[in-house]
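Okay, handing you the structure first.
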Amino acid sequence: MKFEGNHILSVSQFDRESISRILEISTLMAPYAMRKKRCHVLDGAILSNLFFEPSTRTRVSFGTAFNLLGGFVRETVGQENSSLSKGESLFDTARVISGYSDVIAMRHPTMHSVADFAKGSSVPVINGGDGANEHPTQALLDLFTIQSEMARYDMGLDGLNIVLMGDLKHGRTVHSLSKLISLYNNIKVTMIAPTALQMPDSVVSTLTDAGHEVVITDKIEGNLACDVIYQTRIQQERFASKDEADLYRGHFSLNRKIYQQYCHEHTVIMHPLPRDSRAEANELDIDLNDLDNLAIFRQAQNGVLVRMALFALSLGVESRLSHYEKPVTWYTNKY
Amino acid sequence: MKFEGNHILSVSQFDRESISRILEISTLMAPYAMRKKRCHVLDGAILSNLFFEPSTRTRVSFGTAFNLLGGFVRETVGQENSSLSKGESLFDTARVISGYSDVIAMRHPTMHSVADFAKGSSVPVINGGDGANEHPTQALLDLFTIQSEMARYDMGLDGLNIVLMGDLKHGRTVHSLSKLISLYNNIKVTMIAPTALQMPDSVVSTLTDAGHEVVITDKIEGNLACDVIYQTRIQQERFASKDEADLYRGHFSLNRKIYQQYCHEHTVIMHPLPRDSRAEANELDIDLNDLDNLAIFRQAQNGVLVRMALFALSLGVESRLSHYEKPVTWYTNKY
Amino acid sequence: MKFEGNHILSVSQFDRESISRILEISTLMAPYAMRKKRCHVLDGAILSNLFFEPSTRTRVSFGTAFNLLGGFVRETVGQENSSLSKGESLFDTARVISGYSDVIAMRHPTMHSVADFAKGSSVPVINGGDGANEHPTQALLDLFTIQSEMARYDMGLDGLNIVLMGDLKHGRTVHSLSKLISLYNNIKVTMIAPTALQMPDSVVSTLTDAGHEVVITDKIEGNLACDVIYQTRIQQERFASKDEADLYRGHFSLNRKIYQQYCHEHTVIMHPLPRDSRAEANELDIDLNDLDNLAIFRQAQNGVLVRMALFALSLGVESRLSHYEKPVTWYTNKY
């Protein structure tokens, strides 16, 4: 796909070549995100960061990415947007706000609202999550993380053996990620979830139709010998009773002991965060915190790189980065 | 009036000469707002954008305008301001915040509060709306829009034939705009509203005392053959019953059919936005969206130009803009 | 102490030498805060301004300080932070947000939460207030203000004769300030408060153990002949009845008449702000507003200088300021 001037609304709009381009440009962003160099390629540009549904992590990550390219961020958070409550259409809001902006990142609680908004926008719109529908930048940062973690073991995305675990029914991150990895070759996906929370058939079909191996199970024993475990949250409110939820949670917690018993030495652990650290949830025990293969914080950091790449591609400056570099002259321990 | 170092609190403070100056500088801002060039004349300056009453559109427009001149924006939104709730006076708040800032834009729900605040401020304060009282930057952007739309037909502000329509009693935008156009020559103003929502006498007098023609009516038929229609919202809650409101709304909706039946070919449609797009309101039908004379989105965009001009004038940098210009090197389709 | 790369969590971490260093660098910041020059030493750096408990004044002051050094500010305000409500630990939040940032300023309603957060942060964290515990930047700006006000009378911090007044039991600012001044020589502290609201013994001991003179009283008569009066708010809700509160308030209000009757000609009045200007409180009467020794607004402004100094020291750029200077070319009346 052509990126310059275009929206990023769904993982469905990407083919393998366009994803490779995003991952390649994301890699170029590491020196800036890790404060080895500063970049001013978007000095004077304005991002409108529209979070009609609050999300600290994603919002700050988008804003940080734009600042790291040198641009300004104008931000709107939550239900402040009285214009929509006065009956203004998303189309009108988009026409107005895009008139102020060079690019827009938007989260909204309603499915497909970001695509509706994009129809009225005169500038590229990046979907930061539209309800239960899509969160494409999360899927891209997950894929980027898998690629960079696997590279440490001289492996790539083709041939990946991945476990998706937890609430696979409601988690849009595992849906979108499944669609993206289906574009690669010889993937094995093991889906570990209570039956009631297993992956929707449509997502499974995306993988099997592309010729990949899918294992569906509700047991972790014997199923964790993989390259990557992608853990998600078990949400108690989705179960009939707390007792039932606790039962499942007992089975789907990951800790150091389980890791050592069932995983490969190179198995990487991912999680979209936040992880629930309360004792009754404990999906990823803090005794894993000093495990080098716990990639969850590198994964969060990669969100900045991928969002920088998407801004650079949408605004057509990905080939001009090095013209605007300067050294970093303040304290940093990021690298 | 002298702009440098002074507040912008009310349309009453302007004479025709000072308005001409604002409109002239606003025109100079178009290349930056349309991303033909970048400007860094306020690089390092700080705007405090104080929106004690939320307003996404106006707030983002002020912030964008300041960023486009190169400056930073520190923002406060809504009732967060616990200092006021702890009994702090507006004077004290102003003394403190102005100590941090180079200029302040402020919206507040209470009439005259911005002027009270300005008494304590050591830096210029721009009124972004103080309750039912004033919203001078809206009036200025409306006037700028009329001038630039009329220029496309080789017309100016003198001799303007304008229709104000909708809720003329409560709409502060039509009050302030009436005061501004009263400064020009040979104006005809047709005020179309239900009798209960007609323009206050004091505003009518401002126009008639200056020798202008005013027509007061509750009918659109035969009254739309004008240069500019300024439509506003009919707010149901102001009527005795929903039925009565619906009756009025039926009469005061504008759509393509009415436009073609009653308007000149050059008649420009304006609206302060947001427009209510719900079926029962529909003050400006979306079938007008592809009408070239529908100026409502250019009008919103002009808000950025006018606010850039006011910042530049208040801070005395309007003659230095071109010293700080750089090309724009990213994707844009704004011009 | 070594500042570069380290957190600022408590006044207890400073010795006299490190405080001198902070005050010295704060003084260097005056030309930038007063808009005599611009500074770009942190151009491209990112502050995460995390205010989980809202505070307009402190938040804007931190953000302004960072902008004045040339850096960008990404901001989070209030209970938006749904991650914490989903059970995320402060450690995890810190790991993620610090991955986006060069430095973090944080306020949180829970005691010791900022220190807990700092354990997970990979970048320096500055405590902007953690409940009833600490607010070290306030204590430092208070000390800086005393030093600079005393300098006008050729006096220093050693030998200071200071009155602390109001609610000394609950006010964390007077606790922290007492700890800091205990590091200097020959201090006299007069603590004027109703018995029920007197200074905690532990704070008194800090001063007496260091050999300073402490006078504890509930009368202002005869006790205001000092160098500095540090007034705080009397909060009605802490008393048995409104009548009792009013009684105390009558005794602890400061106005022009009391000032002239009991104070030295050089006595400086300070207050952490906001002051309660309602008639029933009136802890500092507005008839003091044109008194040159009313330092409260200079004190607020000094918060910017001190926070600039802490950012510069934490990021190790305090010796590089002048390499990034430019003239200010817009209107200012700050000096």
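Lettered A, B and C in written order, each chain numbered from 1.
Here is the rule we go by: a contact is a pair of C-beta atoms (placed from the backbone, for glycine too) under 8 Å apart; a residue touches a chain by one contact, two chains touch by 3 or more.
These figures come from a predicted structure and were not determined experimentally.
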| item | value |
| --- | --- |
| Rigid-body rotation angle, chain B and chain A, from Cα fit (steps of 5°) | 120 |
| Same-site or different-site touching of chain A by its copy chain C, using the half cut | different |
| Inter-chain centre distance, chain A versus chain C - centres from mean C-alpha coordinates, in Å | 40 |
| Set of chain B residues in contact with two or more other chains | 75 |
| Residues of chain A touching chain B in the complex | 4-5, 41-46, 48, 72, 74-76, 80-84, 86-89, 91-93, 95-97, 99-102, 122-124, 314-317, 320 |
| Chain B residues touching chain A - in the complex, by the definition given at the top | 35, 38-40, 54-57, 60-61, 63-64, 67-68, 70, 73, 75, 77-78, 233, 273-278, 281, 286, 297, 300-301, 304, 326, 328-334 |
